[in-house]
Amino acid sequence: MCRWMAYQGLPVYLESLLFKQEHSLIHQSLSARKSSVTVNADGFGLGWYDEREEPGLYHEILPAWSDSNLKSLAKHIKSGLFFAHVRASTGTETSRANCHPFGYKNWLFMHNGQIGGYEALRWQLDRLIPEHLYQERKGATDSELIFLLMIANGLETHAEQAIRVTLLQILDLMKDKNIDEPFRFTSVFSDGKRIIAVRFSSDDKAPSLYAKQFDDHIVIGSEPLDHRTDSWTLVPAGHIAYLENNHYHTHALFD
Amino acid sequence: MCRWMAYQGLPVYLESLLFKQEHSLIHQSLSARKSSVTVNADGFGLGWYDEREEPGLYHEILPAWSDSNLKSLAKHIKSGLFFAHVRASTGTETSRANCHPFGYKNWLFMHNGQIGGYEALRWQLDRLIPEHLYQERKGATDSELIFLLMIANGLETHAEQAIRVTLLQILDLMKDKNIDEPFRFTSVFSDGKRIIAVRFSSDDKAPSLYAKQFDDHIVIGSEPLDHRTDSWTLVPAGHIAYLENNHYHTHALFD
Amino acid sequence: MCRWMAYQGLPVYLESLLFKQEHSLIHQSLSARKSSVTVNADGFGLGWYDEREEPGLYHEILPAWSDSNLKSLAKHIKSGLFFAHVRASTGTETSRANCHPFGYKNWLFMHNGQIGGYEALRWQLDRLIPEHLYQERKGATDSELIFLLMIANGLETHAEQAIRVTLLQILDLMKDKNIDEPFRFTSVFSDGKRIIAVRFSSDDKAPSLYAKQFDDHIVIGSEPLDHRTDSWTLVPAGHIAYLENNHYHTHALFD
Amino acid sequence: MCRWMAYQGLPVYLESLLFKQEHSLIHQSLSARKSSVTVNADGFGLGWYDEREEPGLYHEILPAWSDSNLKSLAKHIKSGLFFAHVRASTGTETSRANCHPFGYKNWLFMHNGQIGGYEALRWQLDRLIPEHLYQERKGATDSELIFLLMIANGLETHAEQAIRVTLLQILDLMKDKNIDEPFRFTSVFSDGKRIIAVRFSSDDKAPSLYAKQFDDHIVIGSEPLDHRTDSWTLVPAGHIAYLENNHYHTHALFD
């Protein structure tokens, strides 16, 4: 399973979240507490918003803990809304094009989970990408594909509906092809203003999603960033969460 | 333009062709003589046949001249049929999945040229790949795509016809989309027994293709490997060449 | 020869100098105008000052033109004093530890040139590094070594004298060892406030060093960044230049 | 701690040891059984002997499990004496120059352990390398340093004595500098004919060293390659082992 975190609040240097937490993402990339896969060393990435409309993006195929550039960038880049992701590949190549977060215009997306039977479905899934978005298909992951389908289904104007439609579209295809493996999808989006996070699975094992509100910021991620796990809210499976202006609310994705 | 060479003959260490020629491919990667693009530093690759049925493959994103592994591998790998390629990207990412040669079962393929208007056509071209081959689509290049279409069109059983059919299929699509840019395609295939090379372009500027017969081997490539250019045969545009058992013949691809 | 540029003035996004000039460093890395070595693809680096005391550093072994991270970083990092460097190796490995600029506390350094007979002298030169600085010796280049010797000789408190002493120290050692090859050294330093650049060679072929004053900034570099070469000042060989508060002056290094 | 294995016997494809064992080195790189450090993802390397006098070398900074080249090379390279190593850095950079095995002429060397207080001693240790070997100092690890000191102390002509002298030389220096941390050194050498392995530590926690004799080959390594640990011989701490012509013997290094 991949691991990720997203931050919204007072602008801070990225290092304060990436390196200076007792259970920071960089530390997590070496050893996991809540997940059965123990190593996230198949590439990582950062996305951050600043004065420019489109977010900054940084992707690297080295393990996060051994990238000297990351240490310096995290000391010098300041942001009030940023994403970080450490990857454990479920099969596709370790290349920059396969690293999260994915960017499209002012949007960022990253993901933990997988489409069951993806290899068998990829031919049909890729055909769902409309022509005008196809040049954005740069890698081979199911994550990038899901993001493009959500954009095609209207993410920019009515995000929650686009997410629902896309999940159902993929589940339908899996059903047609008699895929028994689950579709697990815990993910986070942003347009630069708010953060939208989703915890979903077609079975009862949705990957974890934790949030915590601090005085001047909120953090949401696949795992808690400190060891007081009970001070973090576990977002219920099948729920969508919104983080905006340091507020946080959640509701069922499907009702 | 990319540069490449293929060797058939008495088994030799790869270094004898890759490093020890006065105009070797590694030297070419730094500065070109016959081409207007001067640097081939966007990844490179090797493919070689030995006792095993499937060829060995080595791809790297560093410039060929600065890869210390290449020097050692070329000193220790011996082969009687091998391919080498240095890439100058026409737009797609510098990643291993985009490096030539491409392999499929016992086949190798590499290529110099490009499909005019590829970005505009990629959506339609990718849809021509049949489902059973789609898992072989690992990168985003037109080269890998052309190879997969040729396999779909029967490369393994009737190579020459598969090549013709695929070229026409792509030209038809370009015509439908009113693409004015040319389709240039100088390429080389092998099944481990013989080498098939093609020099083709939809305009009158087919990338160069040179062959030379030595006592115990034949070399074919995008450029001569020594400075006696007039001792190399320039394969005519629109022709296909066969190299087998140290013999070499060529004929028009379309008549 | 390597190529580099340094900027001082109104804070700007790095891309305005790295990508948006008609003869930008990234373009130069592909093909040179003023230098006989044509490709600078053996790694590159950035160093930039912002609110923090120590500068940011970014080093990469890919050619600058094919690093997707560089494009995004240059769009999002803003600085009023920054360095950029594209490397053409004179023998040492293409690794991050060998990429310029080199950093030490609040100082940055980068360099074009080489110590004649460096391989033969490295054993003795490395022994000149004092024990307290030896942990800063991370790579194997002559450039990093020269920087450490200058720090040892007092760069932080009396820069110009430290530069002179170090150049003479190296020339003495070359003389002792009967090295006939020249010591060429065109370089730039900063403490975050001012830029110091040196154009020096033991023969009459000091690598070029050009400066140009604009309304709100100054640029100094190994080559002009636009094609109006005559609007750039060629710093005379054997001179040291100071850039501070948008002013620029130069005088002979030795008199 | 690093992990490594060495093979001597009937020539085999490297994959038979690297990938096809239930507890192969590639699997070990992801999760350890006998060691407290859990991830070996800071580079890896191969060294192998064939018809040529100098061994082949392959070093890579990606985790071993995600290097597509390694899979193909291991399928196509055959050897009767080879080394493989997966690295967990104890502080120095993840670069190819820091990856094991190290090569010198016909010799290979790799290592698990570390010199206590290495950072504090590096200045003095590097000064022990004689001038004629200094050009072989390409990285910054204690491992490369130890190998060069052993060569300086006569490894090529009287290996066992050179090993003893070097260990004592380093221990003396540590004593002079009042280093309390231990010097742990479990390592393996070859000249292409025989394998010499050493298990040593200045404290009572020498890193493990296991050997096993099969019908037509012997394997020695930091961990057993299968789960029948009791079928492997644990070389006693303070011992040196010799593997030659499919025979194996061991004796105390110091008496």
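Note that the chains are named A, B, C and D in the order they appear, and that numbering of residues resets to 1 at the start of each chain.
To be clear about the criterion, contacts are C-beta pairs under 8 Å (C-beta built on N, C-alpha and C of every residue); 3 or more make two chains touch, one makes a residue touch a chain.
Since the model is a prediction, treat every value here as computed from it, not as a measurement.
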item	value
Interface copy of A-D among B-C, B-D or A-B, judged by whether over half of the contact pairs recur	B-C
Relative orientation of copies subunit A and subunit B, as a Cα rotation angle in degrees, nearest 5	180
Chain centre separation in whole Å, for subunit C relative to subunit A (CA means)	39
Junction residues of subunit C, two or more chains touched	68, 93, 96
Residue ranges of subunit C touching subunit A (in the complex, touch as defined)	48, 50, 52, 54, 56-60, 68-69, 72-73, 75-77, 96
Residues of subunit C that touch subunit D when the two form their complex	93, 95-97, 119, 122-124, 126-127, 129, 131, 134-135, 137-138, 140
Touch list for subunit B against partner subunit C, complex	30-31, 38-39, 41-42, 61-63, 66, 68, 89, 93-94
